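In structure tokens below, several structures.
Two complexes, one shared chain (chain A), two partners (chain B, chain C).
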Partner chain A sequence: MGEILLMKGNEALAEAIIRAGADAYFGYPITPQSEVMEYLAAAKPEERTGMVLLQAESELAAINMLYGAGATGKKVITSSSSPGISLMQEGISYMAGAEIPAVIVNVVRGGPGLGTIQPAQSDYFQATKGGGHGDYHLLVLAPNSVQEMADFVPLAFDLAFKYRNPVMILSDGLIGQMMEKVELFDPIPRWTDEYIREHHGSWATIGKTPDRERNIITSLDLVPERMEKHNLHLKEKYDQMEREEVRYEEISTEDAEYLFVAYGSSSRIAMKAVKLAREEGIKVGLLRPITLFPFPKKPLERLADQVKGILTVELSLGQMVEDVKLAVNCRIPVEHYGRVGGMIPTPEEVVEALKTKIINR
Partner chain B sequence: MAKVKHHNIPLDQIIKPENIVFKRTKLFTDNVLSYCPGCGHGVAHRLILEVLEEMGIADKTIGIAPVGCSVLAYEFMDIDMQEAAHGRAPALATGIKRTNPDKFVFAYQGDGDLAAIGTAETIHTANRGENITVIFINNGIYGMTGGQMAPTTIYGMKTSTTPYGRDPKQMGHPLKITEIVAQLPGTCYVTRQAVHTPALVRKAKKAIRKAFEYQKQNKGLSFVEIVSNCNSGWKMTPVQAVKWLEENMLPYYPLGDLKDIGLD
Partner chain C sequence: MNEEIIIAGFGGQGVLSLGKILAYSGIMEGLEVSWFPSYGPEMRGGTANVTVILSDERISSPVLNVYDTAIIFNQQSLDKFEPKVKPGGLLIYDPNGITRHPERTDIDIYQIEATRTAANEFKNTKVLNMVALGGYLKVKPIVKMENVLKGLRKSLPERYHHLLPLNEQAIRRGMEIIKLYRKAEPVNA
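And now, the complex of A and B:
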């Protein structure tokens, strides 16, 4: 059993970064996730593990520091919130193109623009459909507890290196700010230079030795035939993610006649709504996508044969609902319920929405 | 012209190791350079590679190619390299060096890259005193995109976006970014060089060597500006371009060291 503590989501994330054996964190302050860098600064990671911590001059610089360090086979991570993540999009696109492993945490706040510092889930499209320019995807993990804020850090690193692709942990202001019990995993040692040379020396820019060709990290290729091949190679990685990395949780779906689909903080509200509705005799279940890309299409296809209708609950005007509709291919009614601008729906509101939008439609 | 005596010596007796006074560094790949004839990029590449070879640090060096004419620098340099987004090379360099302090890292950048879109990274990387080397090719124009105005385009200079000449009332002033960088306590060595004559090439090479020696001693950021021509962008022959550079660029961008805190 690991150490059990009461922590904020952002703090658990920060502690997990050190314990996961990260080599560097680069970031720029923004609410509601500034605790991440503050926690790291207080925790003296350079003494604990030798991890580098650097406050960059902007998110633009931070993501490009990630690019540079990640391209040397180091485990690198940044965290920010919506406006900062928008600023990083160019760099993220370059990293996807150049196949650089890295972890990017978005503790989402309401938008558009400067929006609000309150929680939202309105960056779903940006996170799951690419976000920057070009044909690419991030692998997206959506924690719904302080525990998962910690546990998804080493998982995200594993996936980033398995696919040589940036991984996003898509959290939100609620998960980042709330306090819960968390069981911390035991520290994982940082990789040695020998380990990196052995496992990532085929691509990482760690200095060209005479025994090998030079390693080049680039997203550029001006020869269309080669560039198309590269794009198809990236596509193959996304297809492999769809085959191997889909993660989700089902709650009370065995006998469900209706289904909520919700991720992150709204899945916590939906869990409570399941209980309330069942007390009233409404047989509703919950499917919680844990990976948003790849999206759990197959379980949804299966559940579409069983339930009469689906309500997605999101802190947005309706983004994930599009993927749910695609997955069930319009076979059953799919509706969206959400609050925005930092407002959080109550479980009662969600049950009410299920009745008006699905059951009594 | 000195009189040359002709002897009947067969070629194979001339071309032998003990007679070699100059050779191409092995760190140059065999790829054909993509630069226009007369351009300074190729010379700057060679000088960097010669320095890396002479210092014996090529296997510990990571170079960064920018967006600009030298975007394909990694095709020509036989070392591990990363290609950066436009203006972000110093941020990449920071990330590499902070996590690999035993490596040598250099960012190779044009004036648009370093002094327009990447100004914030340039200033802050220098100000943090990152132990890296920046090679800055100032040709007063955006070469890659076809000759538009650069932050360093001098007064009155015609470019495709200032077809009547750069007017400071409209476009502000040519930016002396190197002078700004020299002010920052994080820099140890800041110099302005050129490569359009053999004597200047030799000087520039010494400066690049010094910049890497500073990096070896972890003294902070070393910065070498190379005032270079872009005959294609300037719409001149190489010979005209060199003359124009001397008469117009150098008075505004005088050559020499701006800062040299001293090696151990």
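And now, the complex of A and C:
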């Protein structure tokens, strides 16, 4: 591990892209993540590692560049913010169907439409339930610190290639714009052509050799029997993610009588709310999902036997709350508290909401 | 130790960079730090503010409702953040351009003539934020001077390193000129 630096979340992400051995970044600028491409341009990745940095003419172009380059077994990544991610949905659905490994970063801002450039978490449904058409999921990682903005980049690449599936890093304007100290991981060399042939030659479009059939990347199959088999194969991948990739963090849950569930930036606010509530003698803990898909259902089932009620804290009108309700199967009260439109709840507000919506309901 | 600070003023007064230098100084001191700015339209000519937290524990919320310390450079920010200082907390403000002075009696209030000093003594208004930083560190010496200088060096791009001595002088001058405006009144039990 190297030097400790003070960086914005977006800058840490950008530096991590180069260090993770990415082969290409394609993107189109949008607030609040424009620092990603700005940082990359200044860092000259073409000199440091040979990585391609390309500003596309639009988000549509960027996602389809990701599709094409990802199909060759290269490590490819894009980033955008909510309206740009909406534009990318067709391409993301195609990539899920064609089983293309790639990383897509959404530094979420408020919506709908152009909305606001301020932080929000209102793209949870879009990120976790598909987003584009067809039966598919992205594996979704939700960083809540600048350190995780860096560390989740190599993790996302590992998972994308393990499952041959697009992985989304779902951040937001708060984590992207804040500065914290970060310890950057040592650079990982880019894969050689030999490495890609050996590890991904069975599927990647790297040129046909006489000893095998052509590799074809497509999401189209007009034969229903084969298409159904393909859909079931995708389902098996999502089931495997649910078995093997659930990540979460518990804070002060050992003796908790109440529980906050919050991810990303709102989990930071909920952490402070735990502290404030405990100063008043309210035993509350926090469960922070780190993977949003797969969602940490099992720890919630366990905690539902222990706590009297759950409050989700989100920068939305209530999206993740539905997954929490499903996980605890309505055995205990589950309520939502959130601010929207770029407003950020204070820790004091969250404690107050716990009292009115759960404790004194 | 957990110090929660709001720094606020006009865009261009060096509010965000004051916060960044303070945060980097905290890192050099071995502390956990966070820095969260107002961004977007507010930055374009209006008011700018940044929340900085220095702590010896993992930092929870980077966004706060009340603060241990407010460092204020204009009237709008004084009006907005004076009520948000915790009882017993600290308010430091530059009286330049202020017409309504702080009224609270349950917090320590200091004045620092940062703008005037930067303009008159240093002939460079850009260092007004460093004058204020010096004043703050005099009242609350939470970071050692050697670590502040290291933080300053890390924050400034190398092409500005010839300005390090000027910035250091401004910090030291701020330590000398900060003056008490009103001490918090003792709370009756």
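Assume the second predicted complex is superposed on the first by the 360 of 361 C-alpha atoms of A that agree within 3 Å, B and C clash if a C-alpha of one lies under 4 Å from a C-alpha of the other, contacts with A are read in each partner's own complex, and residues count from 1 in each chain.
The criterion applied here is as follows: a contact is a pair of C-beta atoms (placed from the backbone, for glycine too) under 8 Å apart; a residue touches a chain by one contact, two chains touch by 3 or more.
Just so it is clear, the model here is predicted, and its values are computed rather than measured.
Q: Looking at the overlay on chain A, is there a clash between chain B and chain C, or do the two fit?
A: When both complexes are placed onto chain A, chain B and chain C end up side by side without any clash.
Q: Between chain B (first) and chain C (second), which, if any, makes contact with A:G70: first, second, both or neither?
A: first
Q: Quick one: chain B or chain C, who's touching more of chain A?
A: B
Q: Per the contact definition in the header, classify A:T205: touching chain B only (first), chain C only (second), both, or neither.
A: A:T205 contacts chain B only, not chain C.
Q: Touching A:I282 in the superposition: chain B (first), chain C (second), both, neither?
A: It touches nothing on chain B or chain C.
Q: Once chain A of both complexes is superposed, is A:A262 in touch with chain B (first), chain C (second), both, or neither?
A: Once the two structures are laid over each other on A, A:A262 reaches no partner at all.
Q: Once the structures are superposed on A, label A:A56 by its partner contacts, choosing first (chain B), second (chain C), both or neither.
A: A:A56: touches chain B, not chain C.
Q: Considering only touches as defined above, state whether A:L141 meets chain B (first), chain C (second), both or neither.
A: neither
Q: Where does A:I344 make contact in the superposed view: on chain B (first), on chain C (second), on both, or on neither?
A: The answer is second: A:I344 touches chain C but not chain B.
Q: Using only C-alpha centres after the superposition, what angle do chain B and chain C make about chain A, to the nearest 10 degrees?
A: In the superposed arrangement it comes to 120 degrees.
Q: Is A:V321 touching the first partner chain B, the second partner chain C, both, or neither of them?
A: neither
Q: Nearest approach of chain B to chain C by C-alpha atoms in the superposition, in Å, rounded to an integer.
A: Result, nearest C-alpha distance in the overlay: 29 Å.
Q: What is the shared patch of chain A, the residues that chain B and chain C both contact?
A: none
Q: Quick one: which bits of chain A touch chain C in the complex? Just the residue numbers, please.
A: 4, 6, 31-32, 117-118, 173-174, 177-181, 268-269, 271-275, 344, 346-349
Q: Could you pull out which chain B residues touch chain A in their complex?
A: 58-62, 64-65, 71-72, 74, 77-85, 88, 91-96, 98-100, 103, 120-121, 124
Q: With touch defined as at the start, can you tell me which chain C residues reach chain A in the complex?
A: 20, 23-24, 27, 32-37, 39-41, 59-66, 154-155
Q: Which of the residues in chain A end up touching chain B in this complex?
A: On the chain A side, the touching residues are 23-24, 26, 52, 54, 56-58, 60-62, 64-72, 74, 76, 90-91, 94, 98, 205-210, 214-220.
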